[in-house]
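Look for chain A in each of the two complexes below; its partner is chain B in the first and chain C in the second.
Moving on to the complex of A and B:
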């Protein structure tokens, strides 16, 4: 039964989406897009141990690439194109990983984040600068993705595909190589793992997935705006990992749901309690406090909390080095 | 088909959202309550308070209470787009009030597709096109028009050499780009000697101001918000540039500037679109009456702008109800369209002294402005209402 649970949840989500109002449908695709990118970031950080602060910019590359290709009429091919362009940029950003480790590599990705932000703002002929690139709704297999409902359905289908790809990847030889590399590159080399090649595939594959998520984000907002792909977006994804569970695919989904839905839930509770304008400040405080509580009491994330409740303390793929 | 809202989530949390018993007219707006630009968020409170004033003094509009919803967009594009969808589909708002230039631009196509009147706080000329953007409205001259008004005033005082300073965001860069492309400075008979861009969140602009000093300008126009103007005037004082060299747009009429800078702000001029807080005008008397029983969150010119926007929106809704035989249209789409038509039809609309009389056929209401100057730690009027050359 557990094996089929993701598919059942997916079918349930598809079945209920037509009956949701446009706002909730927009929450569905916001979650699905965030979850796609979170899965990719978790593969990079949680499984392969490559700490990145450039996720926001890479998602931005996907949004611009998808937008440009989509506006050129490439439609569904624009998704793949966005994935390939972002994969190439991701590999380029990952080059310092051949020489740098841990926080030093993380700092190099931070630099890449700022360089890409600068390019988004200033390469006007490509990105349309600060005005942002307006993106026409694309057609996927002849169906225009021009409503919240269709965007939500497309995002859910893509999420399922990305989740399957990530699950298969983590169970493959390459996925196991990621885990060994995360624990110790020296041990990995000793086991005959080609570390530079493993890192190449890590950056290429996760970049590809982030590009697809970015393209869907652009298609949903109809604009790729440099202000939307700043460092705060990268930090959001790191927060998703910490809250959901580092090294857990399920944790990525939970983390994405937490970051995208929790502020809205807090807001609605505040409105229900008639907190007025105070809710806006309270919302941020509660949200921040919840993250701190997780860091203190369950640093392995919500997914580990669920495992503990079920009496299973080992999170699949989770690092043993805490 | 009835669509589901967030009720399932609420029920899961053990809460119940009771259906509203009485019919209401919902007006939904968002501001920056907690994010960047919060210094000027009086606009968001002003409109909400005007609707509440109508509820308390007139029972709403045509006897129907107004549900004025104020949300926090946090100056974040994704949050603002999310709120828009909530306002349109969940709250069934008749009119929506938005905040940032970026979000309003992103929503241009949506407002037309959804046929929902949208009052933007931005003054971007990209949002002003009654033909292509029939549902988009603003309250006053565009940023470009404000630059021309400010420079024209400087020209009358003998200025010739102009430097433009702007922030590195859409709000800062786009209007300056239009001014340069249209050679608006040259058309005024002035010379644009330099254009300087700076980081929106910069904390020190001394280097940029040294460059300004080397250009020997007669006037420096700032296209940015209050926070950056404070940094500019502070650093200008450090290198001996006087505040009377600088002119800012409407978002530079903020008590925080003279309060924080003291004499370093004396002589600074800014484009004033609305009558300032506290001036004895009919609208201020309404606000004073409202304040006896209600807390006013922000007491500044931005609040006055919000109050004006509330008046405009309420008048359009009231006219739409009148045109429907005194009944609130049951069909929200028809109600929105009727309100848009009535908004565009507003003529010689009296704002109780907050601005000149409004004509909304051009979707901006008016195109005049006054210049204000900081003297004795306060903004005072430096000119009467000035008109743009193309409106004369």
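Moving on to the complex of A and C:
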């Protein structure tokens, strides 16, 4: 039963989506897109132990690449193209990881985040600068993805594919190598793991997935704006990992759901309390406080809370990265 | 002449960077924690002092009081947030400081919104001229105060008993415990000092550019500084801070206009934007490739 649960949930989601109103449908695709990217970021941080602050910029690369290819009239190829372009840039950003690890690598990804953000803003001929790149609704297999409903369905299907890919990856030899590398690169070397090659695949695969998520994000918002892919987006994804559960695929989904729904809930409460423009500030406070509380009291995230409720203290693979 | 002018501006802003980076180094040395929230303390320092001045206190009381309050805020952070996480992995601790930063920014936005508030005039204004090089007096004061403080800290660290205790607990906390140094208190002191420094840096920056929540971003500029300087070198932070300040100022004054002219002639790009903010990061990546331990850092052996 447990084996089929994800598929049942997926089919249930597909089945109810047509009956939701357009706003809820938009929540569905926002969640699915966030979840795709969160799965990729979790593979990178939670499984391979490469702390990245460049997730926001990489999702941005996906949005721009997907937008440009989609505007050029390419069908579903635009998604794959966005994935490949982002994978190439992700590998390039990952190059310092061949010599650096831990904090220093995190610094180099921070640098990459700022440099890419700068390029989004200033390479006008490609990105249309500060005013943002307008993206037309794409066509997947000839079907125009131009309504909330179709976007939601497309995003859900992509999410299922990404989830399957991530699950298979984490159970493959490469995925096991990620885990060893996370614990200690020296031990990994001693066990005969080719560390540079493992890192290459880590950056390439996660980059590819982030690119697809980014392209879908661009297609759903119809604009790629440099402001949207700033350091705060990167921080959002790191926070999703912490709140959901580092090193757990289910945790990524929970974290993504949490991040998508929390602003809406705060919005509703805020309207009752007449917070007005302070809602954003309240969101930030709750967000920051939650990160702190989870890290102090339950570093393994919501996933671990669930399994300890069931009386099962061991969450597989959910030990926090070094 | 123009290059002298740029050099002076660069040193002035660079010394404030150094001051902020020094705070990060203090905490890193004492506890091995990389404090991403340093920019948050800079921002809080500016806002707290701003609030005190708004309440009608004279600058002579408001500024020291603001710095003291910030120091206490740092102590409290250490006690309530960092201490429960003593056994947590380094990454988790890094992330928790990120959480502190987000919360602080949220609180400031809640009370003051995102408009820039003009900081009351606390230092005498006016232009001074040294052999033809002009500098506004608040830049001069900011630079002098920063350099003096950084040097004072280096002396405190190297020459006083308390500094020795700080160094001992940083070097080997178990050995320090064994000879009777209360390591937790030392770490708490490091947070106090670091936040107080950040608070002072925030006040200096606020006198230059006003109070705004983007002051928190200054912490991100401080990271290239500490990485270039080597995470655990106080002198390195000072030199790297000034170096980056110079780099920023020369990029802004000389490289950017030249580059813009070339780009306009050869491409469709009309502006290089805020390139001076990106250059430090480009340098950071290059340095990390060549010397991963920073220019002044020492390479440590890795334990398995």
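Just so we're on the same page, the second predicted complex is superposed on the first by the 295 of 322 C-alpha atoms of A that agree within 3 Å, B and C clash if a C-alpha of one lies under 4 Å from a C-alpha of the other, contacts with A are read in each partner's own complex, and residues count from 1 in each chain.
What we mean here is this: contacts are C-beta pairs under 8 Å (C-beta built on N, C-alpha and C of every residue); 3 or more make two chains touch, one makes a residue touch a chain.
Computed from a predicted model, the values in this text were never measured in an experiment.
More residues of chain A are in touch with C than with the other of chain B and chain C. Touch criterion met: A:228 reaches chain B, while chain C stays clear of it. In the superposition on chain A, A:121 makes contact with both chain B and chain C.
When both complexes are overlaid on chain A, the residue A:20 reaches chain B alone and has no touch with chain C.
When the shared chain is aligned, chain B comes close enough to touch A:268, but chain C does not.
In the superposition on chain A, contact is made by A:284 with both chain B and chain C.
Contacts of A:110 after superposition on the shared chain: chain C is touched, whereas chain B is not. Across the two superposed structures, the residue set of chain A contacted by chain B and also by chain C is 121, 277, 280-281, 283-284.
Within the complex, the chain B residues that touch chain A are 1, 3-6, 9-10, 13, 15, 17, 33-34, 45, 70-72, 77-78, 81-82, 85-86, 88-90, 102, 105-106, 109-110, 126, 168-170, 173-174, 297.
Residues 16, 19-24, 26-27, 30, 121, 129-132, 148, 221-223, 225, 227-228, 261, 264-265, 267-269, 272, 277, 280-281, 283-284 of chain A are the ones that touch chain B when the two sit in their complex. Listing the residues of chain A that touch chain C in their complex gives 51, 96, 99-100, 102-104, 106-108, 110-112, 114-115, 118, 121-125, 184, 186-187, 231, 235, 238-239, 242, 277-278, 280-292, 295-296, 299, 320-322.
By the touch rule above, chain C contacts chain A in their complex via residues 34, 81, 84-85, 88-96, 98-107, 109-110, 113, 220, 223-224, 227, 231, 267-275, 277-278, 281-282, 284-285, 288-289, 292, 302, 304.
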